[in-house]
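So, here come the structures, one by one.
Here subunit A shows up in two complexes: once beside subunit B, once beside subunit C.
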Partner chain A sequence: MSTPRIKFYQTGTYTAGNRLLDEAARTVQSRMDRMNSLNSGHRACQGCGEALGARYAVDAAMRASHNRLIAINATGCLEVFSSPYPESSWQIPWMHSLFGNAPAVASGVAAALRAKGRGDVKVLAQGGDGATVDIGLGCLSGMFERNDDVLYLCYDNEAYMNTGIQRSGATPPFARTNTTQVVGEAPGNLLGTGKNLPRIAMAHGIPYVATASVADLHDLETKVTKAMDMQGARYIHLHVPCPLGWGSDPAHTIRVARMAVESGLFPLFEAQFGTVVDRTLIRHKVPVERYLELQDRFKHLFGPPPNTEAIAALQAIADANIVTYGLIV
Partner chain B sequence: MRAQIEGSQAVAEVVVLCRPDVIAAYPITPQTHIVERLSRMVKQGDVGRCQFLNVESEFAALSALIGASATGARTYTATTSQGLLFMAEAVYNAAGLGLPIVMTIANRAVGAPINIWNDHSDSMALRDAGWIQLYAETNQEAADLHIQAFRLAEELSCPVMVCMDGYILTHAYEPVDLPDRSLVDAFLPPFSPVQVLDPSDPISIGAMVGPEAFTEVKYLAHQQQLRALALVPEVAGVFEQQFQRPSRGLCSPYRMEDADVAVIALGSVIGTIKDTVDELRREGIAAGCVKIGCYRPFPTLQLRAELEGLTCVIVVEKDLAVGMGGIVSADVQIALQGLHIPVHTVIAGLGGRSISKASLKQMIHEARAERLSEPHFLDLNMTAINDELARRRDQRRAGPVAEHLVRAINAIGTKVV
Partner chain C sequence: MHRKPFAITLDPNSGLANHTGNWRTMKPVYVDRLPPCNHACPAGENIQAWLYHAEAGAYEEAWRRLMEDNPMPAIHGRVCYHPCETACNRGQLDEAVSIHAVERFLGDLAIKEGWRVQCSPLRGKRVLIVGAGPSGLSAAYHLTRMGHAVTVHEAGSKAGGMMRYGIPAYRLPREIVEAEVARIEAMGVTIRLNTKVEDIEATIQDGGFHATFLAVGAHLARRTEIPGFDAKRMLDAMTFLSSMEGPSPLKLGRRVAVYGGGNTAIDVARTVERLGAEPVIIYRRDEAHAPAFREEVAEALEEGVRFQWLRTIAKADQDKLTVEVMELDEHGKPKPTGRYETLEADAVILALGQKVDTGFLRNLPNVRLSESDDGTIEVDQCMMTGHPGLFAGGDMVPGEQSVSIATGHGKQAARHIDAYLRGTEYTKPPSHPLATFDRVNPWYYTDAEQSKQPVLALARRRATFEEMVGGLDADTALLEARRCLSCGNCFECDNCYAVCPDNAVIKLGPGNRFAINYDYCKGCGLCAEECPCGAIDMIRELK
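Entry: the complex of A and B
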């Protein structure tokens, strides 16, 4: 798929000038006929990055599949806030089974569609970072390894938010959670642990792996659309701030997400068959402090006295990402 | 067509005749021969468009079937023992979602100590998960029950476990009448799901239910399973008619007409018990036996009717509720409430130990004489146990009990009486 290169940011702002584009190149979200797959009325918190990310991603997937989509959901915030019986927000065929099995359930859906000759219907599986990088990793790896025809979306808010903010394998170093509290000699989460799931997904050699941010709608929709046009196992890792868990202003969810990208802490890239093929450039590089200072979970790093070593360690991670993925040219 | 065939292969053959759409499986002894055969048949195109998923765990196997079944596919898997327990969360989930999955349990002990031989600890551990549980006595019955299981499951939207004893049945070669495809097609209509994930009619399945409705959801699941108490014999009756061979349904009596002592059991041990009953009858003892063919739902009234008027009931069960005793016998006690019939619990055949006629006969004699301990462990090696208890009294760091017992018993453990 060739993507037209268009400069659509207004000078000196971070606002994407969607209306400056040809109608065909505008976002799915800006269209009158968007599905609202995750409809209003659900019970997510104010400023929930996951709710926004899910609507963006699933609407794009719906458009790409001509509304022929089945979605499987792992247990977690998204499942709970969208489906308290009998008030489902889902406008699409949707099923929740368990916390750790969404990829396998989706594999089963794909197998059933194959058995029934229903090539017109696509399968989406989705879960939070806990469901994806921890409890569901075995099933996810199996789905990847078999190259089942499923797009898996991970909404990464970097901890177990549904159960009340506990550490997951995706929690960043030094972050405060209720199981990595700000006490003792190494306050917050440890440095040097955790999982980089996009890299693990790439190691399976699957057709498509991408990272995306709720702060970059065009980029996110492009990746979902691209993934939906492919066959086999595909994985998109979406960075979605959680105001409650991160201690950030609900009004600043997009800003927080953008700072993660612009600092280099959350690199946006695409990989095919295990090789990075593209990345989204950082437009205005910011030091990691600009990201960290927006969130209470990193408040302890700013003292008194400031933990300059920790901040430097996070800056080193961001800088390494910038080099690894070539995020600045 | 009658064939001299291994139990596992017979099951695979009839599962294919049931035209499954999706099979997902993870290998575990002694279930492997079933899924090996199925994978081959699917791969060589004997099963239409059926998909065989080689998954990474039992948890994934059943999870995949949850997705497939909710998409309107006829689904099948097989497992046992640790595998069944590893998928336990999904076992409850499949039942809670009302998905008519059929699963063979090649019954095997649950560790530790690790043990690959037969008993019923595995399926008994999941007896309350909401699945219908059928237990096969012979390989013919195992084959026949699978055909009936799909019909039961789909008619009730309730998953079914067909339990067959590991090795004793799964690995035994016996003559089995494998039905013609046309017979199975006439008996088993195409799967018509009550709920399906379909873009043309989007629904949400698996929503969260709070205290306001959870009890009602569970009550309906209970009522739905109780419907099987009527449906199991009805389906067995239709099966008998169409396949021209007996099929017994909930529970089957053997020489119970004038019996005053009866042995109750599940699965393949019924064969040995029948032979024992015959021998006792020749000795002038009015013995009989009742096979429980359907354990969930439990045939309370039917069993009560079979056992009313007896003077002694012995439940021989291949399982143990540690800290309590019998599992099946507790249910039998409830079935016999108010009848004042003594119910004896006999724990037998754990971890594959042979159950001999001699031991069963002695057990019945002792029960009739009211000399049976409660619960009674058949063929227990008390010498080895007392030695081990003494050893553990003498030293705090006594080490792992299983390893010491194996060393002490080794010579006896392999001997078949």
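Entry: the complex of A and C
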């Protein structure tokens, strides 16, 4: 990733801000005039990674678009916790239609803005992994292949959390959900199932695809800002831990996300027109256990007796990512 | 709220009506903790506070913050054994912050720039200080800043005490001592040199002093009998080291035995080496049990000093010493073995420690000696002896001895003397709990190795008294200061403000830190968890 890493400034660019850094090198989130697009009072659980990810990403998008932005939201946690009737926690133009049609609605809004000659207003679509990788995939694929001028943000918390933690196409192998219980010969989600949406998006040859994590704010904001400055269909896949669904401590949301990145299980990379062009290096590599042990959904892997084969299979996925994306120099 | 069709267009921000703070069972609170460096500093410096200014390149501010506690940073940056760095939490991450190197940089810069300290107007009280060593000078400085008129009586011909007569010039160049002493004198402190106090009561009365601080140090050498040795060829470490300040060093011969295993023995041996002779250190225990610091021993070995561990001097004939081989019992105590060896020596220097010369206090029955045999005198928690208005510190009171401990005593004594002169008592404000490493979130700190100070080439170290260790340049000093983790005290990195999913952290602007909006804080604890320096506690919500 091309985020400048400033050496010796006490914390470099690892913290949100730092009085020793130039204003320009600090994050949008560290600014007193940040938009707070998703404001206080929303009903997300304690330590919600999705709320955090949405705050990070939408504020960065607002700043990059000079506060001229329309957001389209799919059904999901983000929509439900931010807009229980008659309240809204959004401070931006924001629209919700159905679970599966957010990309189509966004395409329509983009077409309307073009028809009205409003090139100054940008369109953002957002949804969870259920709306994105499963239910809305047809609409999303259409938005991609038409290269509609929309940035689509997927907040990936790896299951249908809003409806009660059911498995999605983004649920990782061995994870416990309410539809992949820890029973039988292969407890948890089956190895070899699921799909990799960033690669599917890349296969459409769209101008920009990136992955990002709430564990790396500078990296996330840089990618959103870069995407907002581009035309056509763009896709960013954000990794957002869910304390409720993953069985992690709400205080550990960022730590869990960081362990996913540092183990290699969630690679951070950027692709343009179908080709990977950059990646964010792992700073301190950790074994996948450091990630898994923070979450009750993987508790069954640690026994007794420990499921060393399953842990080895997850480690193999992480190691393959490290090789594929060159995450360690 | 005006009427709307069902489920259509909610007002922006109407969610603010939902005070999610009532979900909370734990709540975050900002705290300040005591950094381990500050906790360990014998001179009571607020190290983290002056590093904070140095990090920003505000060197004069950093120096002024430092000077609130220690008037001799250029000296301490060179000679202090920096317990702060042993305590530094960064040592558990990569390497400790080189605090002494930054301190020295600030001290040297202040000398170069001629920075001066402001004092309060005089308040009409007069204080006598006996001894112009680190403790006396420190007390003089602090008392002057508090508005007292200070006169220092010094027996020697120059000020500095052990900093001049005990620490060799290759560790502490004399112009540094002179510059920092001159700055204290320029504040209005009168230093009377060659003025040995013989009768303390008479001196106090003649001068009309309202309080007195004794800081004469420990200069009387401990001696031991060596049968058969010519007394003319035997001298003590203090006599030898202080002779280096005279017109010409003492003539010792080629082979010089140094008897003792402390830092003074090492200083003596390294000085002998530089004079072109061949020193050998004889000590009754082994290297692991020697009181000298490891790095001092290592540097001496580099320079060619030889060590005879586990040996005592049994007797001497002509130019030969007979030494007995010792062995250690399970408690580390040396026992004789009955085996003897001989080694050649033209002179023996005894570095067996020093005692306090308390003869000038003989007329004061209320001043009590401590139970040890080193001549140190008892003081209470206010550093006052049994005689009202008579305080004491530095090497002449019981406890560990070093320049920085003595300097710390000087500051403490000044506070108590000031309180005594006002008719009150000084009570130390309570300290914050310690900022331990387990509270630090190390992920956020940039990996950065410690900056290394330049060291003089070995050939020059062995032959000259040039300063052995060089200072950091401005760029390196800045980087080194920026390695500080700011343990336990907010440095405004904005992490808590950014990581709150509920926008419940309020940024108050540069220098004003942050506050929690408890109307919306759900108590998830992300801010505390992601605070790099451990400045947020999660505490149970009282219902």
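General remarks:
The rule is simple: the second predicted complex is superposed on the first by the 310 of 329 C-alpha atoms of A that agree within 3 Å, B and C clash if a C-alpha of one lies under 4 Å from a C-alpha of the other, contacts with A are read in each partner's own complex, and residues count from 1 in each chain.
Basically, a residue touches a chain if its C-beta (ideal position, glycine included) is under 8 Å from a C-beta of that chain, and two chains touch if they have at least 3 such contacts.
The shown structure was predicted, so the numbers you read here are calculated from the model rather than taken from an experiment.
Looking at the superposed arrangement, the partner reaching more residues of subunit A, out of subunit B and subunit C, is C. In the overlay built on the shared chain, the residue A:Tyr85 is in contact with subunit B and with subunit C. When both complexes are overlaid on chain A, the residue A:Asn67 reaches subunit B alone and has no touch with subunit C. In the superposed pair of complexes, A:Lys195 makes contact with neither subunit B nor subunit C.
Contacts of A:Leu52 after superposition: subunit C is touched, whereas subunit B is not reached. In the superposition on chain A, A:Arg26 makes contact with subunit C only, not with subunit B.
Of the two partner chains, subunit B is the only one touched by A:Ser97; subunit C is not. Using the contact criterion defined above for the overlaid structures, shared-chain residue A:Val109 touches subunit B, although it does not reach subunit C. Touch criterion met: A:Asn39 reaches subunit C, while subunit B stays clear of it. Using the contact criterion defined above for the overlaid structures, shared-chain residue A:Pro250 touches subunit C, although it does not reach subunit B.
Shared contact residues of subunit A, touching subunit B in one structure and subunit C in the other: 83, 85-86, 88, 90-92. On subunit A, the positions that touch subunit B within their shared complex are 67-70, 72-73, 79-80, 83-86, 88, 90-98, 100-101, 104-117, 121, 138-139, 141-142, 145-146. Against subunit A, the residues of subunit C that register as touching in their complex are 1, 4, 6-7, 10-20, 23, 55-56, 443-446, 448, 479, 482-484, 486, 491-495, 497-499, 501-504, 507, 509-510, 517, 519-520, 522-526, 528-530, 532, 538. Within the complex, the subunit B residues that touch subunit A are 21-22, 24, 48-51, 53-57, 59-61, 63-73, 75, 89-90, 93, 97, 197-199, 201-210, 213.
Here subunit A touches subunit C in the complex through residues 5-12, 14-20, 26-27, 29-30, 32, 36, 38-44, 46-49, 51-52, 55-56, 82-83, 85-92, 217, 243, 249-255, 258, 283-284, going by the rule given at the top.
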